[in-house]
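Across the two complexes that follow, subunit A remains constant while its partner is subunit B and subsequently subunit C.
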Partner chain A sequence: MMALLRALLALLQRDLLLAVRRRQDALVVLGFFVVVVSLFPLGVGPDPQLLRSMAPGVLWVSALLATMLSLERLFADDFRDGSLEQLLLTPQPLPLLVLMKILAHWLVTGLPLVLISPLLGMQLNLDGAEIVVLMTALLLGTPILSLVGAIGAGLTLGLRGGGVLISLLILPLYVPALIMGSGAVDAVMYGSSPEAHLSLLAALLIFTLLLAPWAIAAALRIMLD
Partner chain B sequence: MSDAAAAPAHTPGTLTPHPFPAHCLEVDSLVLERGERLLFNGLTFCLDAGELLQVAGRNGAGKTSLLRVLCGLTRPMDGDMTWDGVPVRRLDDGPGGHLAYLGHHNALKDELSAEENIQSQCRLHGCPQTPEAVFSMLDELGLGGHADLPVKLLSQGQKRRVALARLLLLRRPLWILDEPFAALDVQVIEVLRQALEAHLAARGMIILTTHQVVPVRGPQRTLTLGDGA
Partner chain C sequence: MAQPRVQWFKFSSPPNFYDLSGRLIPWFGGLAVVLFITGLYTGFVVAPPDYQQGDSYRIMFIHVPAAWMSMFLYVLMAVYAAIGLIWRVKTAEVMAKAIAPTGALFTFLALWSGALWGKPTWGAYWVWDARLTSELILLFLYLGYMALHGAIEDRQRAANASAVLALAGVVNVPIIYFSVKWWNTLHQGASITVTSSPTMETVMLTALLLMTFACWMYSIAVVLWRARLELLERERRTKWVLERMGGKA
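Showing the complex of A and B:
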């Protein structure tokens, strides 16, 4: 048990250290998110009311696309240098190792999106209560994006044009998270409670948390066969 | 962990001070097909403690594929593999609990130093090392001054040595090595040769592919793969 915890921690620590050493990867994702969200006022005009009503959808779609951007490298680097083979050979359960990699991915790409979202929400004229719900929804939703996205990253491992394939595979699967997430902010905007949306989003998170690691582990074993 | 820390660790011989318990790997009528080509059919052999098996064969004969099957990375079409009589697929902690694999890739992270690479992998494999043990092992493989550099600054041969240091520190009874002598200079070939001998002397087992003659003392056999052999 201790050995397992130590191994999981070692993997988390390694991935976070790697993320620190090549900061640009995480910064590109964050920059992409900020730039895409900021393009909308330029495109649709500066009408505050219009921006406000579009904000939940814009923020969520931008978060989806920013996450997609980072997925291709989730397993590809480890695959290329042989670390993934060694990971499969460690005497630890692969689904848990995969979960650690996803946790590291989320801490580096998902969490920064959550943290910067209030700023972008203000830019799109959201008020305080709406921003709180937006952050809660993103906090529940971005781990889903990482978990589901990792399935696509595993299935397209080593394929040419993997990045585009991941998008085609995964974007449809992001739809439930998108609907619940932007729905929660919409709800509070129109004066009803966001609780139902947030509960469903939380349920979806638990569901993917339980199933995705096994699916990803199976995908990795197949792709490395 | 304590083993490696307690050992003076100046030669590979002292790094395997305690012999492994006697293990035995049995492979029975293995069949593998890759891309509609039959690589081997009915491959059977048995490896006992302290033995070295050299897998020979021309390019494309399936040497690497065989090693990957033995590691459990590739699933054979048919056949059984048992470790001490237990089917490998049913081992509690998987095949990785008893073997260490060195493939074509060194499995090193370019941005991390040699020491960080080895530390994190040893912890992942469930045998953490003290920094001293890692440094003295790197020292011994001639990487003394390079342990703190990012691996991307090392040459091919030096990277291979870091991977070898990991192999030596993992202390697994079965070593599966794919072209371990590639890209190494004469000195390190000699260190590796000694390490292989020490491993065999400690009742370890080695399966390797190489295009060179292995100048290792001890019981060794050759398995030649050919077309559909």
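Showing the complex of A and C:
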């Protein structure tokens, strides 16, 4: 048991250390998120009321795309230098190891999106309560995006044009998270309680947390077979 | 271990599957033709015009079976994919791959006929109705499956990887459906529903059922055909293929 915990922590530490050493990767994702959100007003016009009503959707779709962008790197580097194969050979259960890698990935790419979202929310004219709900929804939703996306990242490992393929495979599966997430912000905006949306989002997170690691592990075993 | 009375796995061996499906395809294909003709005749000639929608409701005879098939085929594809992934049954892998294009075709048909039906009844080719939206997402799922299958060159790996994707998809389909439905009712207030008149006339129902069975038979025939070709290609170096192809390697 202790050995398992130590292995998991070591893996988490390694991935975080790698991310710190190559901070550009994470910053590019964050920059992408900010740029995409800032482009919307230029496309649809500066009308504050319009921007406000579009804000939940814009922020969520941009978060989906930013996550999408970061997914290709999730296993690719480890695959190239062979450490992913070593990971598959370890005695520790692969789904748990995979979960650690995703946790690291989320801490590096998902969490920054959550933290910067208030700023972008203000840019799009959201008020205080709406921003709180937006952050909560993103906090619950971005781990789902990382988990489901990792299935796609595993399945496209080592393929030509894998990055584009991931988006075709995974974006349809993001629909529930997108609906619940932006729906929560919509709900506060129209003066009703966001609780139902947030509860469903949390349920979806638990559900994904239970199933996705096994699917990812299966995908990795298949692609490295 | 007790032997089951019917040796199901006998049919899953490629040569047996190849021979049996070769004998079955003409029957399913023939039935499909007969059913299509009688179904279309009943639907377009015998059935009376609807008192509200006039003649435009007749699109239903294509639209409804196509929508049913599109959903059913996705589940069936996932079942075959699971069988292939878990028990390593090669024929099941081939069947899963063979179902995908037919499923995508029916999804597309359902969307297309829905759009054509939507124009006279709702006044728009496309509305973000829950069913339309989830059907569209289903089409994306089919396309993703086929794209992944096509992108991986190794056949065994392609079959396994896309099986995982099909299973992830099938777990998600109900969640997607309900979330889209919920999203739709929240956003549109009173949602537009595709209600057929509650008491459908017997002749309309007959036409609808005939068309549904026709689509069934068509799907079986085409999927088996595609699976046969795929099997031949996969097994082209084995003895049974050479025997059946007259010994030309």
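To be clear about the criterion, the second predicted complex is superposed on the first by the 225 of 225 C-alpha atoms of A that agree within 3 Å, B and C clash if a C-alpha of one lies under 4 Å from a C-alpha of the other, contacts with A are read in each partner's own complex, and residues count from 1 in each chain.
Basically, a residue touches a chain if its C-beta (ideal position, glycine included) is under 8 Å from a C-beta of that chain, and two chains touch if they have at least 3 such contacts.
Model, not experiment: these values are computed from the prediction.
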Partner chain(s) touched by A:159 [first = subunit B, second = subunit C, both, neither]: second
Which superposed partner A:27 touches (first subunit B, second subunit C, both, neither): neither
Partner chain in contact with A:206 - subunit B first, subunit C second, else both or neither: neither
Touching partner for A:172 - first (subunit B), second (subunit C), both, neither: second
Which of subunit B and subunit C A:83 touches, first, second, both or neither: first
First (subunit B), second (subunit C), both or neither touched by A:10: first
First, second, both or neither for A:225, with subunit B first and subunit C second: both
Shared contact residues on subunit A - subunit B and subunit C: 225
Residues on subunit A engaged by subunit C in the complex (per definition of touch): 148, 151, 155-156, 159-162, 165, 168-173, 175-176, 179-180, 183, 186, 200, 204, 211, 215, 218-219, 222-223, 225
Subunit B residues touching subunit A - in the complex, by the definition given at the top: 71-75, 93-97, 99, 101, 103-112, 116, 119-121, 123-126, 128, 150
Touch list for subunit C against partner subunit A, complex: 85, 137, 140-141, 143-144, 147-148, 151-152, 157, 160-162, 164-165, 167-169, 171-172, 175-176, 179-180, 182-183, 186
Footprint of subunit B on subunit A - complex, ascending: 3-4, 6-7, 9-11, 13-14, 17-18, 21-22, 80-83, 85-92, 97, 224-225
